[in-house]
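Each of the two complexes below includes chain A, the first together with chain B, the second together with chain C.
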Partner chain A sequence: MVKTVFDDIKNTLKGVEISETSYDERGYHLAIESQKANIINIVEFFDGKGFYLEDLCCVDYKDYLELVYFFNNHKELCRVKVALKVESDKPAAPTISRIYTIANWYEREIHEFFGVYFENHTNLTYLFLHDEIDCYPLRKDRVPVTEDDRRLLNSFKPEEYEDGFFINLGPQHPSTHGVLRVVVKMDGEYIVSAEPVLGYLHRMHEKMAENRSYLQFLPNPPRMDYLGALNYNLGHVTTVEKLCSITVPERAQYIRTITAELNRISSHLLWVGAFVADLGGLTPFLYTFQDREHILDILEGIAGSRLTYCYFRFGGLYNDVDDAFIDATKQFIKHLRGRFGMYEKLVTKNVIFINRVKGIGILEQDKVPKYGCSGPVIRSTGIPFDIRKTEPYAAYDRIGFEIPTGTIGDNLDRYMIRIREMEISLNIIEEAIEKLPSGPFKAEKVPKKLKPPKGDIYHTVESPRGELGVYIVSDETDTPYRMRWRVPSYSNLMTFPYLAKGELISDAIATLGSYDLVIPEIDR
Partner chain B sequence: MGKGGFYLETKGPIIKFAIAEKFINLARANSIWPMTFGLACCAIEMMAAAMARFDIARFGAEVFRPSPRQADLMIINGTVTKKMAPTIVTLFEQMPSPKWVIAMGNCAISGGPFVFEGQYNIIEGIDKLIPVDVYVPGCPPRPEGLLEALMKLEEKITGTRRFPIPEQKW
Partner chain C sequence: MMNEIIQIVGKETVRVVIGLIGVLILVVVNALMLTWLERKISGHIQRRIGPKEVGPFGLIQPIADGLKLLGKEILTPSNVDKPLYFLAPVLIFIPVLVSFIVIPFDVCLQVKDINVGILVILAFSSLSVLSILLAGWGSNNKYSLIGALRSVAQNIAYEIPLLLSILPVIFMTNSLSLKDIVEVQREGWFIWKWQFFAFLIYFIAGVAETNRTPFDLPEAESELVAGFHTEYSGMRFALFFLAEYTNIMIISAVATVFFLGGYLGPFLPGFVWFFIKTYLLVAVIMWFRWTFPRVRFDQLLNFSWKILIPAAFINLIVTGGLLKL
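This part shows the complex of A and B:
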C-alpha cells in the first residue's frame, strides 16, 4: 500500500517532494512537503484514493507556521503527513473544506488559535473561544487579534426566519451530556439545520502541555476524557515512550491492556445507561451504574482514584497489581456476563426502545471518509476499523479478538456494537489475565526529566469513543514544543448536522446520544 | 453580573415569623432539589452520588430538576470557562430564592489544575461570580464528599446537624 501510494504520487503529481519515513520512529509512512499552489491537488489525490483526513493541525515555528495534514486509510494502514509552510506574518492558506467536510472545523480551530486565514472558507467564525480574547493563544509570541478577526468573534446571530424558529439545545441541557450547545433551526417538529457551538469547556490542555514537562502533564489527559481516562493516559504515555525509545516490560503491557479494557467497559456501561435515559427509560441507568461501581472499586484498588486515573507511567506502571485485583477482576467478569441477559430483556428486546432507534440517524458507508469518524460510529457502518487491530499497542497483538460491525449505521447498530464490545472486552481481559507473565512492572533507568530527540511523532490508540491521536513535536527540551490531540468525539460530532437534517427533534436527541460524546474531550 | 440573585437573597421576606421560619427551614433542608446541571468530570461523581450505591435520596435531595425555576440548589460541578460563565450566572438568577450553591471540585473552588501563568479561558473560582455556601475539595471529590456537603448545607440552613459525624478510624 505504502509503495503504491508513493509511486502514484511520484507519477501523477509532478514536482511534489515526497520522502519515505520510518514508521517505527515517526508513526507515519510518507512525508510530503507541499506548496500553497499544489496543496489542493494533493488533497484531491488522497480523496480520490479513499483516504480520510485523520488530523489537521498547526505548529508555530516562529519564522513560519506549518500546517500539518494527516491522511490515513480505513482499509490498510498507510499514514501520510503533508506539511504546508505559511508565513507567520498574515498567514493564509487555501481551504480544503470543500473536499473534506471535517476540515471545516479543523480550519476554524486553526484560524482562532493561530490566526491562519483560510481563503474561500464558507464560515470562518470563532468556534471555541470567548468574546474577550485578545490574542491567538497557541502562537509562541503574543500576536493580537486583527480587526478582521475581531468582527468574527461571537458573530453568530440567528437570521430572521419567518417559517419556523430556533431552539438552543444547551449549553445547559440534560441530553447534551455536558455543555455542548447546538443551535437548531426548526420547522415545526422537524429540524431544518443544526449547528453545534463548541468551546464551553475549553480547558487549554494543548497550551498547558507547552508549559509543563512530560511528567507534569501526566494528570491532564485523564481529565480530557474522564470516562476513558486510562485510554487517554495510555495514549499519552505510549507516544512519549515511542518518542524516547523506552521499552516497556511485558508484564506492564498486559496489565495496561487489562486496565484499559476495564475502563472501556465502565465507559460503555455509563453510555448504555445515559443513552436509554435520553430516550426516556431511567431504570437501566441505575443498573449500569451499579455494575460500573464494581469496576471503579477494582481500579481504585490499584490506581487510587475513582474516576480520573493516572496509573501508567513512562516505562511502565505506578505500581504492580496483586492477587486481590486478579480475583476481583475474575469475579467481575463472571458477574457482568450474568447481567447481559438482563440488559437484553430490559433494553435490547424492548419494543419501545427498538422503535425509537431502528432506522434513525443512518450514516452511509461512503460518507465516512469525508468526516473521519471512528470508533463505534464507523464500525456501525460496516467498516471493521479498530486501532487495536491496525496499529496494535500494549499487548493487543498477542490477544485474539474480533471487531463487531453493524450493517446500516443507524442508532440501533451503534447500540448493539457497544454491547458486543463489552462482551469482547471481557474476553480480552480473561485472556490477558491467563497470559499475564511475571517480571518487573516498569522499565529501569527511565530518567525523571525526559529529553526526547528532536523530531515529531504521531501515535494513535483506540479510546472507547474511537481513534485518539497524539502528535508531539519535540525540540530536545523537557517540555513538548507542541502537543496536539486528535480526539474522536470531535469528528464524530461533525456528522450530526448531516444526520439531524430533516429528522424529528426527539430522534435527533437519540442520534446525539448515540455518539457517546464527552465534551471536555471535544473542547480540550 | 451576579447582582440580581444575590440582592434578592440578602433582602429576604418582608415579614418574618421566627417559629414558622424554623419549621420551614427544617423542611427545606431535608428536601433540597438540586439542578440537573453537569459541567465536567465532577458531574459523573454527582451522578454516582444519585445512583443506587450512594443514594442521595437518603437525605432527601434526589429530585434533580432540569429547570432552574424548580431547583433550589445549584451544584457547580466542573471547570467554569469564560464562555460558560454568563450562562451559569443566568441560571443562578433564574432560580427562585432561597437558593444555595455548592462548589464541587477544585476547578469550581479555585480553577484547580487548570491555573497556570498565561491562562486565557477559565474563571479561577466560581465564588467570583455567585455566592457559594459549601466548598467540596477533590479532583474529583468522592460521592461521599458531596453527601457531606449536603449535611453541611443542612447545618447552615437549620443551624443543627441531624446526622452525626462518623467516627474517624485512622
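This part shows the complex of A and C:
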C-alpha cells in the first residue's frame, strides 16, 4: 500500500517532494513537503484515493508556521504527513473544507489559535475561544489579534428566518449531555439545518502541555475524556514511550490491555443507559450504572481514583495488580455476561425502542472519509476500522478478537455495535488474564525528566469513542514543543448537521445521543 | 341549625355541597399520595428505595414537597402573555374536579348520579387540552409551544378511540349513568364479557390521554425540556402536576367502572374494592412509565388513526351486531 501510494504520487503529482519515513519512529509512512500552489492538488489526490483526513493541525516554528495534514486509509494502514509552510507574518493558506467537510472545523480552530487565514473559507468565526480574546494563544510569541479578524468576529449576525424558527438546543438542554449547544433551524417539528456551537468547556489543554514537563502533564488527558480516562492516559503514555524509545515490560502491556478494556466497558455501559434515557426510558440508566459501579470499584483498587484515572506511567504502571484485582475482574466478567440477557429483554427487543432507532440517522459508507469519523460510528457503516487491529498497541496484537460491524449505519447499528463490543471486551479481558505473564511491571531506568530526541511523532489508540491521535513535536527539552490531540467525538459530531437535516427533532436527539459525545473531549 | 339549613336549601343541595368538599379533599390527598406512590414504584423498579425519611415509609414526603413548592417564589418570565399564563394552571384544575362528581365510589357514595354521567367526564376531560394550549402559548417559549401543539394533536387523536371503546359497554347497558353501568355488572364484569379488547383500547388511549410514557410527548424532557410547563415554577407548576395525577386517577376510575365492576366485590366494602381496582390500574400506568421508552410523534398519531380507531370501530360493530341478534 505504502509503495503504491508513493509511486502514484511520484507519477501523478510532478514536483512534489516526497520521502519515506520510518513508521516505527515517526508513526507515519510518508512525508510530503508541499507548497501553497499544489496543496489543493495533493489533497484532491488523496480524496480520490479514498483517504480520510485524520488530522489537521499547525505548529509555530517562530520563523514560519507549519500546517500539518495527516491522511490515512480505512482499508489498509498508510499514514501520510503533508506539511505546508506558511509565513508567520500574515499567514494564509487555501481552504480544503470543500474537499473534506471536517477540515471546516480544523481550519476554524487553527485560525483562532494561530491566526492563519484560510482563503474562501465560508465561516471563520471562533470555534472555542471567547470573541474578545486579544491574542492567538498557541503562537510562541505574543501576536495580537489582527484588525481583519476583529471585524470578522463582529460582523457575525444571527440569520433572519421567516418561514420557521430557531431553537437553541443547549448549552443547558437535558439531552446534550454536558454543555454542547446546537442551533437548530426548524420548520415545524422538522429540522432544516443544525449547527453545533462548541467551546463551553474549553480549557486549552494543548497550551497547558507546552508549559509543563511530560510527567506533569500525565493527569491532564484523563480529564479531557472522563469516561475513557485510561484510554487517554494510554494514548499519552504510549506516544511518549515511542518517542523516547522506552520498552515496556510484557506484564505491564497485558495489565494495560485489561484495564483499558474495563474502562471501555464502563464507558459503553454509561452510554447505553444515557442513550435509552434520551429516548425516554429512564430505568436502564440506573441498571447500567449499577453494573458500572463494579468496574469503578475494581479500578479504584489499583489506580486509586474512580473516574479520572492516572494509572499508566512512562515505561509501565503506577503499581502492580494483585490477586484481589484478578478475582474481582473474573467475577465481574461472569456477572456482566449474566446481565446482557436482561438488557436484551428490556431494551434491545423492545418494539418501541426498535421503532425509534431503526433506519434513523443513516450514515452512508462513502460519506465517511469526508468526515473522518471513527469508532462505533464508522463501524456501524460496515467498515471494520479499529486502531486496536490496524496499529496494535499494548498487548492487542497477541490477543484474538473480532471487530463488530453494522450494515446500514443507523442508530440501531451503533447501539448493537456497542453492546457487541462490550461482550468482545469481556473476551479480551478473559484472554489477557489467562496469558498474564509474571515479571516487572515497569521498565527500569526511566529518567524522571524525559528529554526526547528532536522530531515529531503521531500515534493513535482506540478510545471508546473512536480514534484518538496524539501528535508531539519535541525540541529536546523536557517539555513538548507542541502537543496536539486529535479527538474522536470532534469528527463524529461533524456528521450531525448532515444526519439531522430533514429529520424530526425527536430523531435528531436520538442521533445526537448515538454518537456517545463527551463534550470536554471535543472542547479540550 | 342544621335542620334549618336543610329546610331552606333542600336535602339534595346539602348532599352535593358536602360531596363536593369531599371530592376536593379526595383530589388533593389522592394527588399527593400518587406522587408518593410514583416515587416508591419508580424507586423499586430502579433498585432504589425511594422516599423513606419523612414519616413512616416516607408517607409525609409529598406534604413536605407541597410545602416547599408553596414557599417558592412565584416567578413570571418577562414577555409572557400574562392573562393566559396565569389562567392556564387554574383552568387545568377545574375540569378534573367536575369529573369526580359523577363517579360512584360505592353504592351510595356518589356526589350526584346524573343520567349522562359519562358524557360529563368526557366533555370536561377534553377541556384540559385547552389549558395546556393556553399554557404553551402564554409562556412565550418555543419548547412550551411545541409541547402544547403536540398535546392538542395527541388529545384529538386519542379521544376518538377512548369514546369508541366505551360505546359498546353503553350499548350493553342502555344507560349513560355510571351507577347503572356498575349495577349491570353484578352478572359479570365487562372485561370478561366480550369487552376485553375494548378495555385494552380504552387503557392505551387513556395512557395517551393523560400524557404518560410511552406517550408523554407534550413534556418529552429529552427533547422539549419540560414541554408546556417549562416556564412554570412553584405552586403553578404544582397545579399542573396535581392535575396530571388526578387525570390518571380519573382514567383508571372510569376503566374500573366500565370494565372492572366498579365497587362490586366480595367480603370487603364497596369503596375499598373500588379503590383497590383503581390504584392497581394507576400502578400499571406508573409501571409503563418506568419501563418503556417514548414513541415518536408520527408513530403516536399513526398508532391511533391506523390501529386503535379501526380496531375500536370493529369492536363496536361486532358488539352491536351481536346485541341485535
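Definition applied: the second predicted complex is superposed on the first by the 520 of 524 C-alpha atoms of A that agree within 3 Å, B and C clash if a C-alpha of one lies under 4 Å from a C-alpha of the other, contacts with A are read in each partner's own complex, and residues count from 1 in each chain.
Throughout what follows, a residue touches a chain if its C-beta (ideal position, glycine included) is under 8 Å from a C-beta of that chain, and two chains touch if they have at least 3 such contacts.
Just so it is clear, the model here is predicted, and its values are computed rather than measured.
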| item | value |
| --- | --- |
| Partner chain in contact with A:520 - chain B first, chain C second, else both or neither | first |
| Partner chain in contact with A:498 - chain B first, chain C second, else both or neither | neither |
| Which superposed partner A:276 touches (first chain B, second chain C, both, neither) | second |
| Broader residue contact with chain A after superposition on the shared chain, chain B or chain C | B |
| Touching partner for A:23 - first (chain B), second (chain C), both, neither | neither |
| First (chain B), second (chain C), both or neither touched by A:177 | first |
| Chain B versus chain C as contact partner of A:203, first or second or both or neither | first |
| Partner chain in contact with A:130 - chain B first, chain C second, else both or neither | first |
| First (chain B), second (chain C), both or neither touched by A:350 | second |
| Chain B versus chain C as contact partner of A:286, first or second or both or neither | both |
| Intersection of chain A interface sets (partners chain B, chain C) | 173-174, 286, 290 |
| Residue ranges of chain A touching chain C (in the complex, touch as defined) | 165, 167, 173-175, 189, 276-283, 286-287, 290, 346, 350, 352-353, 355-356, 504-507, 509, 513 |
| Sites on chain B touched by chain A in the complex | 36-41, 43-45, 47-48, 51-53, 66, 78-79, 81-84, 87, 91, 113-114, 116-122, 139-140, 142 |
| Chain B-touching residues of chain A, taken from the complex the two chains share | 129-130, 132-133, 135, 137, 171-174, 177-179, 199-204, 207-208, 211-212, 219-220, 223, 226-227, 270, 285-286, 289-290, 293, 296, 306-308, 519-520 |
| Contacting residues of chain C [partner chain A, same complex] | 42, 45-48, 142-143, 146, 213-214, 216-217, 220-223, 225, 290-299 |
